Amino acid sequence: MLSSELLHIGLNHYLGLSAVIFVIGMLTVLLRRNLIVMLMGVELMLNAVNITFVAFSSFNQNMNGQVMVFFVMAIAAAEAAVGLALAVTIFKHYKEIDISAFEQLKS
Amino acid sequence: MNLLSVITFLPILFALVVWFLPNEKHVRPVSLGLSIVHFFVSIVLLVKFDISSAGLQFVEQTPWVQSAGISYFLGVDGISIWLVILTTFLTPITILGGWTSIQKKTRGFHVSIFVLATTMIGTFLAMDAILFYVFFEASLIPMYFIIGIWGGKNKIYAATKFFIYTMLGSVFMLLSIITLMVLAEGQLGQMSSSLLDFYKLDLNFLPGQFLSTQTLLFFGFALAFAIKVPLFPFHTWLPDAHVQAPTPGSVILAGVMLKMGTYGLLRFCLPLFPEATAEWGWIFLALGVVGIIYGALVAMVQPDMKKLVAYSSVSHMGYVVMGLFTLNAHGLTGSIFQMLSHGISTGALFLLVGMIYERTHSREIKEYGGLAVVAPIFSIFFIIVTLSSIAVPMTNGFVGEYLILMGTFMVNKAYAILAVTGVVLGACYMLWMVKKVFFGPPGKLIKDFQGKNLDLNKTEVMTLLPVVVLIFWMGLFPGHFIKYTKASVDHMINAKQGYYLKIEGRQKKVATIKYKSTRVTR
Amino acid sequence: MNLSFDAVDIKYILPLIILFTVSLVPVLVKVFNKNKEPGKIYNFLTPMLGALIAAGASAGVGAEFLSKGISSKLLFSGALVMDGVSVLAGILVSLCLGFTIVLAKESPSINKNQLSEAVFLLMNAAVGMLTVLWANNLLVMFVGIEMMSLCLYILVAMSMELKLSKEAALKYFVLGSFASAILVYGIAFIYGAAGTVYLPELITQINATLLSNGYFLLGLSFVLFGLAFKVSLFPFYSWTPDVYQGSSTPLVAFMATGVKLVAFVALLRLIATQVLQFQEAAVFLQVLQWMAVVTILVGNIAALRQDNLKRMLAYSSVAHSGYVLIGLLAVSSSDGQVLGASSVLFYLFSYVIMTFGAFSFLSFLEKSHESALMISDLRGMASRRPYIALSFSVLLLSLAGIPPTVGFFGKFYLFSAAISEGFYWVVAWGVIGSVISVYFYLRPLVVMFMSDEQGVDVEPSRLGTQNIIFITAILVLVIGFVSNPFYLHIQSAIKTIF
Amino acid sequence: MNDSFLFAVLLLAPIFGFLFNGLRFKNKNYKLAGAVASVAIGVSFICSVVLVIKLVAMPEASRAIHVHFYNWIEVAGFNANAAFVVDQISAIMILVITGVGLLIHIFSIGYMSHDDRPSKYFAYLNLFIFNMLLLVLGDNLLIMFVGWEGVGLCSYLLIGFWFTDQEKAAAGMKAFIVNRIGDAGFLLGIFFLYVQFSTIEFSSLNTLATDLAASGPLGWSHPLVLACICLFVGACGKSAQIPLYVWLPDAMAGPTPVSALIHAATMVTAGVYMIVRLSFVYMAAPQVMTIIAVVGGLTAFFAATIGMTQWDIKKILAYSTVSQLGYMFLGVGVGAFMPAMFHLMTHAFFKALMFLGSGSVIHAMGEEQDIRKMGALKKAMPITSATFTLGWLAIIGVPGFSGFFSKDEILWFTYASTQGSKWLWVVGVLGAGMTAFYMTRLMCLVFWGKSRVPEGTHPHESPASMTFPLIVLGVLSVVGGWIGIPHVISAILPGHPPNILGHWLEPALATANLITTSAVVEWSLMGISVSVVAISGYFAYTAYIVKTDIPEKCVKAFPRLHGLVLNKYLIDELYFGRIINPLIDISKGLWVYVDVNFVDKLTYIASDFVKSIGRLFGSLQNGNLQQYAMYIAIGVVVMLSFILMG
Amino acid sequence: MEAAIVFYGLSFFMTVLSLGVLFNPNPIMSALYLVLTMIGVSLVFFMLDAGFLAGVQLIVYAGAVLVLFVMVIMLFDLKREVYTFSRGFFTRLLKVFTGVVFLIILVKSFFLVPETKELLNSSTQMTTKNLAGLLFTEYIFVFELLGLLLLAVAIGAVALSRIKGGTHAE
């Protein structure tokens, strides 16, 4: 029973995979100090989202999901661009990319 | 233009006039003149008032926010008329009271006073709950500035406390008003915040249970007013506010603003929630009694004159609240009368304390002594006002206090007997202060002023004279005043369940305004 | 669904097109001018005019709708919807943009060497905002939000001020992307569960079965959370004070008003799908109630201890989000919809006016890009600049909800909507929050009017900013006194979305 | 003349005097002030006389002139009209008040000649007369109360007239506050009566109470009984009865004519007057009358004991007044309303006389009041001495003098009334004996014996304006009693002079039933009291003139008792120690602990609580970006789990 | 069966690789792990019968975006980090715990409704042509907006890199 359920790869398996990657991406953002690696975490999350979209799209036989993946990808790229530009700017001024150096604004 | 609107918004016009007055030196006399004009305009109201009617008179009603059933609805009846006159009467007096004590930003001060007058009159005249709330809350702003800008050393603390404390109460009132409006929508078919519509509502009441609509709403309103009154134990903002406020501020605060609380109780709590009032009124009777005794006892040991008078206000307002919750004609009439007389006598007391403070820059009672020698006229005025404050017959204080006590006695003998001790204690603290300040050998402060003229000047005498006249007028001929309130009070007693107010006079557009229903029926 | 679109549709998105086209002008001028910063005409007047024309175009759309009696129109095969809310909010966003450009021109914290880029980005952010307002589709909404956010990330970082603005941009960017990821994850789940991301289709799809579907619940939650981040509701508000404090003030004015307005309209559209009206969704309502209450309390309480004026206003804007959420709660029930939504929109409009005014005041006073305006700096304002001080007081009192300002009526509508749907305890906490808020709103008043020492000297040259303060203050009073026509317009606009 | 006009003049003449002098209060022309004031009172006196003549002319059954000016307070059935009445009772009072008042005004012209502010003094005095007239003329309880409080106020002002002296000011305050306690009782009494009868008019009250009493005895908790008790508390305050008598001795701080007018002749008798006014009501509550009788008897007795030990001439007279008032209350308590009124009147004459006499002495001695420093003033002040002697004879009750008739009448009623008791009679007689003792002592030490006047003081006779009133009052002290000669005495007198006063008052008063006894009993009781007085007076004469060491021996024999009595039974100390100081302590406690540290503290606690939450949020907002991201994550997780699982 | 093996194997590798992104203290290594994960994602797309997207994924992500990342890392000359993770042991623990709980909740909620659908390979609807069709009809507005977005971002990124700020800019 159990094994057959495990062996039959269904929608939830893909979603589970995407969830794993999403959570790992999230944890990257939460845990890593390096701004660039944090960006990578965000990318991971967006990729997980893409897997979800595609999985739903394929299992539901609905093409719209794939179109959305297209947009998400573009936006992920744009975000990466902005993030890296920001990183460059910051690094240029402070020679520092560790976000724990930026804690002036608080309370 | 309706008379009531004129009376309400004339001060705003005056405020603009004063604000744009080219020469700051003219501000005082012009304001005084304008405020006296205002007073006479309000006298027209008194003259035209039909004393035989319990209904609303001079009604003015135009839709304001139709979508929520809010209207600009002014009306006057026997309950509110004197409070309006009291306000217009005290305004010139406050301006005179600030004649010398307000030295900086005179323009702003007079503007604040005028704006304050508008908001206070509006509070008393508004027959629409939201309009009432708007005026009620808006009155905080000018008062806040008056305390905060022209106040004493600790003015900011006092002003903020005053503002927030009062606001705390009134937001729950807002909550209750909105609930009533929503109920009105359910029961009358349209949202309305007109008091007249509120009176028609059938509010669910479960005897003995706190969590019933009527009880909760009752307490929502009552809390706001109890804080404003202020009823024990919500009174602690008052001494701070009074001590820090400038003299005119104290006069207006004690003279009129506190009455907004008792007026609210009378206008909202009693007629709107008859069952809840009957069931829970004892709390207010009891708090009134506690306030009377507690205020008097605490006043007895105050080292500061203004604080003493402030606590005496707590005591006196305790009488008013007690009178209101007797729910009989004697108590109600007494309360209305006491509101007036407290406004006059306590206002005058603050005025007097302020006058002497200006000269000596101290309010410490123990530093005075023997003031009567160096300031005999001042002493005479002070003692007259003191007598009014301790309710000596033939002064205004007596009539109200007597009627309230009698009303209470007819309802609950124990409370009345307890409250009567307030009569004794009142004499104790006031006379103690009089003794310490005016009598005895010259005190520390007075020694410095020996030989100098500490007595009142002509302006000050002119300020106090109308007050004294009124003190005796009200004391000797209370009938002149009671006759205006009689019909309304009787109506309130007779129509306890199912209270309603008729609109007198011109019936043209007013009575029934159909609001567009805001609901989309899906 | 109609899979084609009409060229006439372009007419309706004219505001967006105008904004984008005009946004190119300063940049192009700069490019063709050998990278030299163009003058006032291109950097200021043209964009201003563009913003105004965009607002006019929005109004024109509205007028056309009114004259033709159309309530709403779908554009681009249902990607966008033009209805009353789109029109009204669109006008407001365009006006905000215009005002922001005025502030930006006069503010010291905007780099005058990059003003053209800043204006370009601002206008593109506005394009994103308009998109969100018009979005009839979660994907469009997402892309619009991203467009708006990405422009704003860059704008925050472009401030004259070096350290704090970069930190703010960093935080805004990382947290914003994080939240976007959550939002889009939610869209994915909604897509998966319902097979569509079109809001009108969602309305037809939503039923009890869908609401017990785990995908849909996840999706709905994530979308709500993602939008809650944008409007800074608890527990997603943490970025707000830091980002607002670090950003240049004109930009904060734009973010605090425009972004919030837009994101709330998005939330409104989502909730207007009546998804929360089902018994199964009651748990969402509970969560939202708690969010509202805690947001109000957190915002107001945290603002109490702030001495930095900008940070204080930031926290106050957090609290205001909580208030708006109270109104949204009312939208979630079937008979409170119109009332709730109108109250939300009215409150948002009033909030936009007063918040914009308040931030303009900060912008007016800032001496240099590095000056952090403390409350104590306002000393003696009343005697030096009585009218400005008075206007600011009016704005603050309105923010505190003291009658007869528009802030009071906004709260009044919200509370009455919520009460008629029975959210008594939420409203009770709301009013307690507003009592707490009075304390910190009064602090600047105290300093301005009640202390006599002198504070910072005011630069007298910022006429535009000054006028904005006056205009907003007067609006606050006028709409306070005559709120009814405004409310009725909003109500008729709201009726078009249901 | 029109009745209303007469009343108006009667009442307003003093007010005119008050305003005239009050508005020029800084003026030092004592003659003008005094003249105006005296004329004002004189006008009132004339009006009173006219009114009384009118009254006499009326048929006996309906002797009352009612006047209604306007409705003072009128609320929902409650009517307190500004209405006045002259009937048999108030007729006596207005005559006494305006008559004696006039004399005292005249006396004051001389007495206040050296004062700084004579205008103020006369203004107050006139105001007092006005209030006193209100009190006695009022047709209902509330008007009476107005006067009641008004006289208290004037008393306050006049006691503290020399206010620069802390003690005098304090005495005034004490008087007012103690009176206020009584007034509070009075108010409650009014309430009880109003609740019971829905009226506060005297005539209706008396009729209604009589009807009520006819239906059977009333229990303690009946409103009427409670009303009577409360009103009696009021009377105790005003008339200085135990336990509220403490203010009267202190009240001697005021100018002596004031003591004569207010604290001997008129105001302090208001309590008696009030009870007499309500005699029918009180008759309906016999248990309260017993209380009154006991309190009166005890007051008479104890005040007399204190009087025996005092050295201050005015204090002695003050305690004597308290004691005499005790007699009056004893009288009303046993139902002897007429004798009480009679004693009230005679007491007004002789006590006013003695006070004025003492004033004359004090004036002559240069404000010296200690009788140990006087003596043998007979020679220096013959008129004062002579008139004082008349007063002395009257007060100790030497047969033939006014005090004899009135006091004896009271004692007879005490013995013979159904309300009375033999024990009370014994107390009364003992009191009379002591009165004789201390009054004789006073005479001995002041006027007779050897002079102990200190060097440098030259006592002299007072001016005519002061002696004239003395003479008039002296005469009245003698003849005043002749209008109320009891039946037994008149029976043996030539011409059988009728009991004019008795007949006069009879229709207006309730009367107690007397036990039928023979005239022998009455005569023997009279004999006993007279002999007790004689023995006691002789003893005093011996002790202070003949063998001056006796007092000291007595003191040494009972040092503690003497100390106790000398210190007025430590009642003041008791009040201060047990009531006033604790009250002040409680108040301070309330202020500090309840108001500042509890009620107000709660607001601070609330605001601190809010602030500490603010600090908590502040510490969460630590600036770390990843921390914020974590909040978002946690928020998502918690809310998700709530949504999906909950 | 094979599909299951492939899926599990791929999932395992992707999980390990993404954990590598998370845990490797050297950013450049993280970037490489990310590239590998992206490739894994594109494989997943293949498995889900979304070939076009898989290609785009490879080109856009693994190609362009990652090159950007690596370039920036190179530019910064980032070495192995001393402080890899955020401060505070308990905070880290809390974060990890949150993540785990999040995962559990997600996975649990997937199974709230019984799964019925089957993956249908090579269906006629799911073609690249259809994708393009949708993109240029139904999604035309978003598509165009995306263009604006990219333009704005491009200009913004340039502007950002040129900022000087501060007083020395004037």
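Chains here go by letter, A, B, C, D and E, matching the order in which they are written, and residues are numbered from 1 within each.
The working rule: contacts are C-beta pairs under 8 Å (C-beta built on N, C-alpha and C of every residue); 3 or more make two chains touch, one makes a residue touch a chain.
Everything numeric in this text was worked out from a predicted model, so none of it was measured.
The chains in contact with chain C as well as with chain E are A, D. Summarising the inter-chain layout, the chain whose CA centre lies farthest from the centre of chain A is D.
Distances from each chain's CA mean to the overall CA mean are smallest for chain B. Among all pairs of chains, A-E has the largest number of C-beta pairs in contact. Set against the Cα centre of chain E, the chain with the most distant centre is D. Mean C-alpha position of chain A lies 65 Å from that of chain B. Between the CA-based centres of chain D and chain E the separation comes to 102 Å, rounded to the whole angstrom.
Between the Cα centres of chain B and chain C there is a gap of 42 Å.
Centroid to centroid, with C-alpha atoms defining each point, chain C and chain D lie 79 Å apart.
Along chain E, residues 86-87, 95, 98-99, 102, 106, 108-112, 138-139, 142, 146, 149, 153, 156-157, 160, 163 each make contact with two or more other chains. Each of the following residues of chain C touches two or more other chains: 139, 143, 146, 150, 154, 157, 162, 170-171, 174, 178, 214, 217-218, 241-242, 305.
Annotation for chain D: residues 618, 621, 623-627, 629-630, 633-634, 636, 640, 644 touch two or more other chains.
Every pair of chains meeting the touch criterion is listed here: A-C, A-D, A-E, B-C, B-D, C-D, C-E, D-E. The touching residues of chain D, counted against chain A in their complex, run 618-619, 621-626, 629-630, 633. Chain C makes touch with chain A in their complex at residues 139, 142-143, 146, 150, 153-154, 157, 162-164, 166-171, 173-174, 177-178, 180-181, 184-185, 187-189, 191-192, 195-197, 241-243, 245-246, 305-306.
Taken together, the chain C residues at the contact with chain B in this complex read 334-335, 337-339, 397, 402-404, 408-409, 412-413, 415-416, 419-420, 424, 427-428, 431-432, 434-435, 438-439, 442, 445-446, 449-451, 483-484, 487-488, 491, 495, 498. Here chain A touches chain E in the complex through residues 6-17, 19-28, 30-34, 36-37, 39-41, 43-44, 47, 50-51, 54-55, 57-61, 63-64, 66-67, 69-71, 73-78, 80-82, 84-89, 91, 97-98, 100, going by the rule given at the top.
Listed in rising order, the residues of chain E touching chain D in the complex are 86-87, 91, 94-95, 98-99, 101-102, 105, 108-109, 112.
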